[in-house]
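Each of the next two complexes has chain A plus one other chain: chain B in the first, chain C in the second.
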Partner chain A sequence: MSIVSFLDKNKHFNRIILVLRDVMSRPSGAIGLTLVAAHLVLALISPLIVPYDYKAMNSALMLSGPDSAHWLGTDHVGRDVFTRVLLGGREALLVTGVATPIAVIWGGLVGIFFGLVGGRIDEVMMRVVDAFLSLPWILKMLVLIVTFGTGIEVLIPTLAFFYGIPVIRIARAATHDVVARDFVSAARARGHGRMSIIRRELLPNVLDTLMVEGAMRWSWMLLAFSSLSFLGFGVSPPTPDWGLMIADARGFMSFAPWGVLGPVIALSSLIIGINLTADALAKALGIDRAQKAPI
Partner chain B sequence: MLRMLIRRLFLGAVTVAIVSLIIFSGVELLPGDACTAFLEREAKGKLLENCREAQGLNRPAIERYVEWAASAVQGDLGVSANGQKSISELVGDRLKNSLLLAACSLALGVPLSIFLGVVTGLWRDRPIDLTLSTLAIFAMTIPEFVSATVLILLFSIWLGWLPGIVLTPAHAPLSEFFPEILLPVLVLTMVMTAHILRMVRSSVIEVMAGDYVQMATLKGVPHWRIVFRHALPNALLPAINVVALTIAWLLGGVVVIEVVFNYPGLGRMMIDSISDRDLPVVQAIALIVATVYVGVNLSADLLTMIANPRLRTMHMRRK
Partner chain C sequence: MTTPIIDVKDISVGFTAKSGATLPILRNIDLTVSEGESVGIVGESGSGKSTLALAAMGFLKRGLRLLDGSVAFRGKDMFSLTRTELEKIRGGEIALIPQNSGQSLTPTMRIGAQLIEALRLHSSVPASEHVTKAIELLGQVRLPDPKAILSRFPHELSGGQQQRVAVAMALAGEPHALLLDEPTTGLDVTTQAHILELLRDIAHERNMAMVYVSHDLGAIARVCDRVVVMYAGEVVLEGTTRQVLKNPAHPYARGLLASIPRLADHHLPLALDGRPPVPGGVAAGCSFVDRCALVKHRCRVERPGLAALPDGELARCFYADKTAEVSLAGLGVVPVELESRGTPALQLDALSISYHQPGLLNKLLGRAETRVATVDDIDITVCRGETLGLVGESGSGKSTILKSVAGLLPPAGGKMTVAGGKTLAPVVDNRPPDHLRSIQLIFQNPDDSLNPRQTIAEILEQPLRLYFGLTGQDLYDRSVEILNRVRLGGHYLDRLPSQLSGGEKQRVAIARAFAADPELVLCDEVTSALDVSVQAAVLDLLNELKEKHGTTYIFVSHDLAVVKVLSDRVAVLYQGRLCEIGPSNQVYASPSHPYTEVLLGAVLEPDPDTAPTLSADDIVELSPPARGCPFQRRCPRKIGSICDSETPPWHRLDSGHAIRCHHKIDDLAAAQVVAVVE
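On to the complex of A and B.
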């Protein structure tokens, strides 16, 4: 494979470019990356370009339909829906954008460590991981959120913690495949310590799996975040958020469907974008994503 | 084989035991207990003391854990904090309704997804595969509350074919949930079909590329015979595990769907009891869902092992 031989000569930077090019050459990757990039740019610049104040209510314009002044109409308290759709992904992207890397890093390192160490400790750890996985995500998250509040400072660590646990399993399995190979035995024979083997032999080989895993975790985390907002346990009003907007507009859906459609399209396009990118990334790196159990 | 079975059963029991420890200590570590929830936050002094005395909350945690776990094993899940009702009774109706929802979705989704998975796998990269695979990505990635909202808008508001909300009470006989249950079943079927389809598709592709399929082709075995006799039995094995995960998900993870459609199942009870801080009920539901998860996955592993002679004898060969 050309990617591998290239890697030998030019290190990380060139490889990133190569993988990106591979991702972009696939239709799913091109569409996905474009969607994700558009959402990120929009999240950054949207406060500068929104036509209205997101919390300005107008009792004369409750649930009015789309027109030239309000492109997506207004909601039940007369706020401009288009403005709120533009701003509605910022909180979600901030929280999941911080929590995803934390989850992948801590889960990945713990998984690699136990994959290398093996034995009794590993066996016990995996039972604990199984135990955590057997509880529904929403129960674990809600118990903490109801107790400690719904702010970013609670959501980020909670998401990062719980979404790191399945990463442990993936990283451990990937490590197991590598540990059995000769170059790890060679490193052991050369007298390398555990940390050195993890850093120089295991991490580079598990990194691909972790990257794909990270992309998938990101989309699941977004799903969790918007579901929490939808259920009323996430972002608190009047902050615009897609999940919350859909929950609010659902009650008026029969005569004002535009209130739902805007956030529905925005949220779906972001999550589909991330998944298409993850798919293309997995193919570019040679990992079969569909074989993995959907946890 | 028997040793393997016993070992797996033992590991499953260990997992459930760890879950129960996590649930109990998790609830223990949170500020507040059943009494502060029942008497409101500001309750202090004598009243709180009396309540704790009555509920036995001032005994050591280990003692209470052992008692809780022991009675849970016997099917007694305790009493709820606010209603003073038996949790087993409260949960019973909800569990029954959740089972109905799960059974309908499985009956519709599993055959459909396996059929579509085989079709997309056999006709890989053809228009039918590209269409279905793209649809699958949409179905499995779009949040459930979004697809539910869109389907309600489409089927119950614009077309007026199906009711968009469940109004049947929790204790009603199962037959009364029709036709209200159809729309939630449709949403769940969509999501699970997408997951199983992708799994079956990739497994069919892998098997069809195998040496023995090529061998059979070269020997002149008819294509349909290769597909049905040689490839499919092997290709469908991994589906057992995904179906198991789906069942576990259907019984514990469909909170959002139940809330959207106002369906009186276990998931909505979970949300309600968390909001009310009814901790004994939260503990009970968590334990039930976790046990189902472990049980279903264990059964799937054993089923795969029985169905696949290579896995059955693997541990013997290693020795």
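On to the complex of A and C.
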């Protein structure tokens, strides 16, 4: 066992290194990963480095433009926009950072299961999934949030649940391709059980797709979270949040655009960063249709 | 001296590796093809033969670069032409017929529209005559009822018909040169033989230059005047087909010939050990040095040039005059017949398998299913230690039978019994562990049957843990032992399948099957995805394992020669029904079932003196007939309505040889033209 498990870890470790190296060697991967890493680091250390108190209002400085003291100016109650932009991603990253893995894991496992079982159950379940996907997401989420209230403990399960559903489809499609291959037939002919086949044969081959899908879902989820905040169902004031900041500042956009610009740039740079990374990851893993796998 | 149509001068083609180094995959190749001449390019996968053929039409795959040399087509330098000029030449003056024409035909366009498009772009035929010309072309490629074919879609045609349409499209532009890239690979033997005859006729009729790329020396022997043998991106031998196939002056070509199993042989073909170098892997010296039997010190330090021999052959070997020492006969081991006969290892009684599910309405009304079963009426007994070969064309149900025995496809009827008279459960989930262990399946393509994400250790671990509960040191020791048995070492344990060659992968797949210590091993076309030299090694290994462990094999293949070298008994299947069964030397000799005779006639030998005998049409049937003899629609010896209405009786001959036909045995024997004479 010892030697096998050691080799096992070694193999995965090697592959992760190779994939990361490949991602970094691509322009999209290098830019994307740098953006994402910068956001994560800033989210961690921003409380220590912000120049002002995010709650401190100053009626003398309402909607003043950028200057050396306030790089991104101030908002309608005189709070420093730069401070609030630096802090505004923490809540979003926390919620989506927890909800994304949950969504990918539950959606992935359900998808793999239906992909393996196939047949009529699979057909029926996929129609249910389709029906679910055909409803606008914001409507479904608002119903839950209005019922159970806002706050992290409601937002995380809600986002994880709704964003897991499209993962089912992706995981099922990827599983279908794998199930048709002879090594799965070989495992079945040997007499392995269903769980053993999922764990040993299917999961390792679907994992690549799930990783890329997870990255894509993450960026969608960030957008959804910000939208909810924008509508007033995400973070409650005075906690700074990009979506909320955009909502607050949009009324003054014509004469104080810095209030909107700051959070918009922050949010879009993170989403673009994630998308670029996902793109490079797909290419490195060889699941990008346009290109063959180098690893 | 005729003028050369294609003149490839000293070209080298390569790509830039990730490390930044330029790695050549073609090195200093010269090739001239004259009017009316057909040149074969042979070599194993990765030898650069397809790259060379494509380079001859001025095309390089993405990532490849021309490093040196030039390609002239009728005096024009193909690599200095503009895009528009090239477009005019390609498809018109020089046409390509690819390996899988089913994929190269547009699926949403009717055959007529595609042909007319080719005529519009590449010929001077006026638009008003396009349809007439298209019909004429389809007639020239011997397609029955060309008018009807015009309005069909590609998926409505069989593989052989699609290939014929591809030929017709290539001929539309009245080309001066025809490039064929493995045009018959993947087709059934009878279809292949028909297509080759067609190509041969067309080349003679039209006086075209033809470049024929193939790994199959049998096909080359049939259509080519001259042969170029490639190895690791170099031409190692060039000569007339007769010279190259009868007495080649290069050790590699000799090894290749010796590794081809032949119908008349009793012994296994001789494997060519080792593997070709990777691109950029040859630093100095001869590229074949690691696998050569005649290797001397000089071969390692100096690269041999392509030198002319007294008989006109060109060979890249310092010791071309001594190559006669390398055996051509392929005198491998003679497979032993194991003693323990008599006790059945597997018995199939009236087995029938159907892919159709009975419809819901029929189930509710209690109506019997009207569709004909895919496989029906199979009675086969395989004795312990025996190797049973199953042969037949695609769709004959040979793999389907294996799947049912393995429990992956429950049969619709009949009974399967294993050793000791125990009934084998139809579905794998209901089988006791001992039955699961004793029957193991080896698949055709190791790329597909080995999980790409598992190391060899993990792959071998699965049967060892499942059946024997091995863990820790025991598991490791046993894995190494099994790898040694298939002539791989323990150092393979931590590798992934993608790091192995095709032959090594198939060995791992064999090792995984033998890890279960099986009594019955089902081999499903286990060598057809491999190069011939590797195929010989795998056959040798299977034979060795059988000798050591007394394993029973059911060996499925479409290749009659491969089946013959390994099998004690052979069963011939057509459309899921048995036609003939018996000891292999008797099945291959006269008298035979008419279908066996057709199959034998279509076998291509790598010998310019033999020609296939084509007695039946190469049509492909989609479903077996409801009544009568399964072969009724194609049989060259059809008697009449009795064949259509009544299931033919079994004629039982001595030593278990049985033929199912309405003809009397003596009539069959008297009428038979093709048989293997030993």
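As a convention for this text, the second predicted complex is superposed on the first by the 278 of 295 C-alpha atoms of A that agree within 3 Å, B and C clash if a C-alpha of one lies under 4 Å from a C-alpha of the other, contacts with A are read in each partner's own complex, and residues count from 1 in each chain.
The rule is short, and it goes like this: a contact is a pair of C-beta atoms (placed from the backbone, for glycine too) under 8 Å apart; a residue touches a chain by one contact, two chains touch by 3 or more.
Nothing here was measured: the structure is a model prediction, and the numbers come from that model.
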Original post:
Once the shared chain is lined up, is A:Arg181 touching chain B (first), chain C (second), both, or neither of them?
Top reply: second
Original post:
Any idea whether chain B or chain C touches more of chain A?
Top reply: B
**OP:** Mind working out whether A:Ala189 is in touch with chain B, chain C, both or neither, as first, second, both or neither?
**Re:** second
**OP:** Mind working out whether A:Val143 is in touch with chain B, chain C, both or neither, as first, second, both or neither?
**Re:** first
**OP:** Once the structures are superposed on A, label A:Ile246 by its partner contacts, choosing first (chain B), second (chain C), both or neither.
**Re:** first
**OP:** Could you tell me if A:Pro47 is touching chain B, chain C, both of them or neither one (first, second, both, neither)?
**Re:** neither
Subject >> Partner chain(s) touched by A:Gly118 [first = chain B, second = chain C, both, neither] >> reply: neither
**OP:** Report for A:Ala131: first if it touches chain B alone, second if chain C alone, otherwise both or neither.
**Re:** first
Subject >> Touching both chain B and chain C, residues of chain A >> reply: 294
Subject >> chain A to chain B touching residues, read off their complex >> reply: 127-128, 130-139, 142-143, 146-147, 219, 223, 226-227, 230-231, 243, 246-247, 250, 253-254, 257, 260, 264, 267-268, 271-272, 274-276, 279, 288, 290-291, 293-295
Subject >> Of all residues in chain B, those that touch chain A in their complex >> reply: 11, 14-16, 18-19, 22-23, 26-27, 30-32, 137-138, 140-146, 149-150, 152-153, 157, 195, 198-199, 201-203, 238, 241-242, 245, 248, 252-253, 255-256, 259, 267, 270-271, 274-275, 277, 282, 285-286, 289-290, 293-294
Original post:
Across the complex, what residues on chain A touch chain C?
Top reply: 1-4, 7-8, 10-11, 181-183, 185-192, 200-201, 204-205, 294
**OP:** Could you please specify the touching residues of chain C with respect to chain A in the complex?
**Re:** 18, 406-408, 428, 431, 433, 436, 439-441, 443-445, 448-455, 457-458, 461-463, 466, 471-472, 475-476, 493-494, 496, 512, 516
